[in-house]
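Please go over the structures that come below.
Shared between the two complexes below is chain A, which has chain B as its partner in the first and chain C in the second.
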Partner chain A sequence: MLSLFATLWQADSAFPNGGFAFSNGIEGLAELGERLDGVGLADVLAMTLTHRWMGMDRIAVSLAFAAGEDEARLAEIDRRLDTATLSAPQRTGSRRNGLAFLTAHARIGTRTAAELKKQVERRHMLGHLPVVQGAIWRACGLDARSALAASAYGVAAGMASAAVRLSLIGAVEAQRCLGATLPLLARLLEEAGSGDGLTCDHFESLTPMLDIATMRHATSDVRLFSN
Partner chain B sequence: MNAAPQAAGLRHAGPIAPGTACARDVQAQLGFVKGGGHTVLARQHIPYPFHITRPFRLDPRLPECATLYLQSSSGGLYTGDRLALDIEVGVGAQAHVTSQAATVVHRTPGNEACLSTAIGVRDEAFLILTNDPFILFPKAHLRASTQVTLASGGRVILADGFTTHDPEQHGRPFGRLHTELCVRDPGGRILVWDRGGISGAQFAGSASPLGPYRAMGNVVGLGARRCDVDTSALMQRLDGLGCRIGLSGLPGGCGIVVRCLAPTGGLLAQGMAQVFAAVFEAWTGHAPPPLRK
Partner chain C sequence: MNLFDDRTAEQAEGRRVAARVGIGGPVGSGKTALIEALIPVLHARGVDLAVVTNDLVTREDAERLRRSGLIDPQRVSAVEAGACPHTVIREDPTLNIAAGDELEARFPGVELILFESGGDNLASTFSLDLVDWWIFVIDVAGGDDIPRKKGPGTLRCDLLVINKEDLASHVGVALPRMMEEARAIRGQRPVLLTDARRGAGVAEVADAMLKAVLFR
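Coming up: the complex of A and B.
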């Protein structure tokens, strides 16, 4: 039961993990004129979860969760995730969000958070969000599967929230859209299986539209979100 | 030696399936060296279906650069193909290898077609590798892998793209596409890892990662450049064509990537030509010479 409660705690949008500053492509897609009503947002969430989260965040969280407190291993996963993230705004956003997440946990007193934060500040680690999530969520008492669920849900909920704050969609419609995405989340977690045998060589993503949106967003004159 | 089959995508490809009668399992090699103020093709092994022209000197502002066209004698990629190309560019040498035209990937029942390219660029060498778009026919499965080993002071420009076509115009999707680009330093440390896979149904579906576009390409510039790409101007020109591009610095500051999306393969080819020209100019200081194809 502890794992379930820890998962609810970490997936709660009230947790100060710094995610509010990042749209992860939603603002850029809107600038490109992409339709982000209920149908359009559902497609973007499905695309992001299928073609990015599944091959990147999911693997990084799994590997970092397995690494636990092995800082050298965490640093290697972190570095490989960085080399596999070609869009600079996505790299920067992931690192900034990771540091904010670590800062919140360090202030709360979560085991290993303060030490990992030091590693990032000393540049021994880059501090990408999925990597520090994997390590910290293990320390919080989540089980491996729940950590993946929290990661996937966090990505979807964060993007839906960004769409609401940009007034692209109403709050009720966004929640309808998020609810409709849950079966996809469940299917992807099912497909992910136990994660045995995963390595950094399995990192993959194919999201050119999202990449272009974040790249162009970085040069926009007016931005609400960091990426 | 071509490291790609062991080091990258082809390790997943497996052997050619029994009964794949016409499949080719070949490895071609090109070796460029600098000598006498020019770059010369010092080593070549070009088995069927690869075919090359002689090296040309097409750029008066880059007189030491050898340009050659790489062609396929067979009309494209077929089921079970295992084609490997190894390009080595010696210290200080400069070469441009380009395809003659787009490459058709035919339907591949039971066994995907694999094309792997291994590139070794030595100190102060410069390689440009530009592939016209691959055209994926219905039920085509393609695994395309590029492995680059980049020495100190080495420079590389890579361009490739993918689109789809159903000759019978029934809107049938291709099977699956896997792409991989891995850049390493001479010690084997990975600098860039760009790998992805997509089915034809996903490519054309409502939740496509291409959004409303149906053709995609990348231009990657590695190593030192003379100036920055004028991103705003390039984006404006590509927007005018109906394409979308985004430009980003690569991890570790080792270069740039330009992603390009287009509504059709034809517009992708036009857009990619402009993107390539902009990146070429940033890397050399001048516009590329016209290439007759």
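Coming up: the complex of A and C.
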């Protein structure tokens, strides 16, 4: 039961982790004229979860969860994730979001958070969000499967929230869209299985439209989100 | 199972050396102008400082300060507000806390970090996770009824600044009554008048800030 409550706690958008400042490509897609109504947003969420989260965040969270407090191993996963991430704004956003997440947990006193934050500040680690999530969520009492669920849900909910704040979709319609995405989340977690045998060599992503939108967004003078 | 370690939490807090001061208020009230006026006053008093801005849509305020020649541009950090100027200083101040930590790490002698909020409304307040003390800036051109509206920003701040005092006669504002009402709603907690562009009242703002957070 503790794992369930810890998961609710960490998946709650009220938990301060800096995530509200990152649209992870939604604002860029809107700038390119993509229609992000209920159908359009659902398509983007499905594409992101299937072709980015599954091959990137999911693997990083799994590997970091298994690594626990092994800082050398966490640093290696972190480096490999960075290398495998195409767009610079996505890399920078993930690192800033990761540091904000660590900042909250260090202040709360979550085991290992202050030490990991030091490692990031000393440039011994890059501090990508999925990597620090995997390590910290283990310390918070989540089980491995719940950590993956929290990660996938956080990605989808964060993008839906960004679409609402950009007035691309209504708040209620966004929740309908998010609700309709839950079966996909469940299926992806089923497919992910236990994650045994995963290595950093498995990092992969294929979201060209999202990557191009994110890169173009970085040079926009007028923007609400960091990426 | 004990998930938390109070000692490491205290260490995370204890690493903070610089005092952190928030400067919030509505769009156009003169927050950036006040900071521009405060910087030379604080430098003249030997205060080692840095600034974090929270621009809503652009990096206008950060770039304005960086180009001002008043402060080393490296000592100005910008944090995007993600369309949520309230959130970035209150509900989720972690990006701002991290920006402050990073400035302290880069400039070990820094004593004071000013956090300028993105322009907001009268309901905006700073989290005490982020700042030790905060100022709310309104201006006379916004109307003399602002204090009477009793927004949380005007009520809860440590210092209320009413800026652009020079415009009062031009916009039909009875300044003495506005001041009286502001003091009344704040239970006689401090209210100061400024004309930040000409420097009027800025020394008094610096006095109040330094006395409160640096005990000078």
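Operating definition for what follows: the second predicted complex is superposed on the first by the 227 of 227 C-alpha atoms of A that agree within 3 Å, B and C clash if a C-alpha of one lies under 4 Å from a C-alpha of the other, contacts with A are read in each partner's own complex, and residues count from 1 in each chain.
Throughout what follows, a contact is a pair of C-beta atoms (placed from the backbone, for glycine too) under 8 Å apart; a residue touches a chain by one contact, two chains touch by 3 or more.
Here the structure is a predicted model, which is why all the values come from computation and not from measurement.
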Simultaneous placement of chain C and chain B on chain A, clash or fit: fit
Chain B versus chain C as contact partner of A:Leu166, first or second or both or neither: second
For chain A as apex, the angle formed with chain B and chain C - C-alpha centres, to the nearest 10 degrees: 120
Which superposed partner A:Leu41 touches (first chain B, second chain C, both, neither): neither
Touched partner set for A:Phe225, first chain B, second chain C, both or neither: second
Which superposed partner A:Leu116 touches (first chain B, second chain C, both, neither): neither
Chain B versus chain C as contact partner of A:Thr214, first or second or both or neither: first
Touched partner set for A:Ala150, first chain B, second chain C, both or neither: neither
Partner chain in contact with A:Leu206 - chain B first, chain C second, else both or neither: first
Minimal inter-chain CA distance - chain C and chain B, angstrom: 19
Residues of chain A touching chain C in the complex: 2, 6, 14, 16-23, 96, 99-101, 103-104, 106-111, 113-115, 117, 121, 139-141, 162, 165-166, 221-226
Chain A - residues contacting chain B, complex: 29, 32, 34, 42-44, 46-47, 50-51, 55, 80, 82-89, 91, 203-216, 218-219
Partner chain A, residues of chain C touching it in the complex: 1, 3-13, 56-58, 79-84, 87-88, 91-95, 97-98, 101-102, 105, 129
Chain A-facing residues of chain B, complex: 179, 190-198, 202, 206-211, 213, 216, 231-232, 235, 244-252, 257, 259, 261
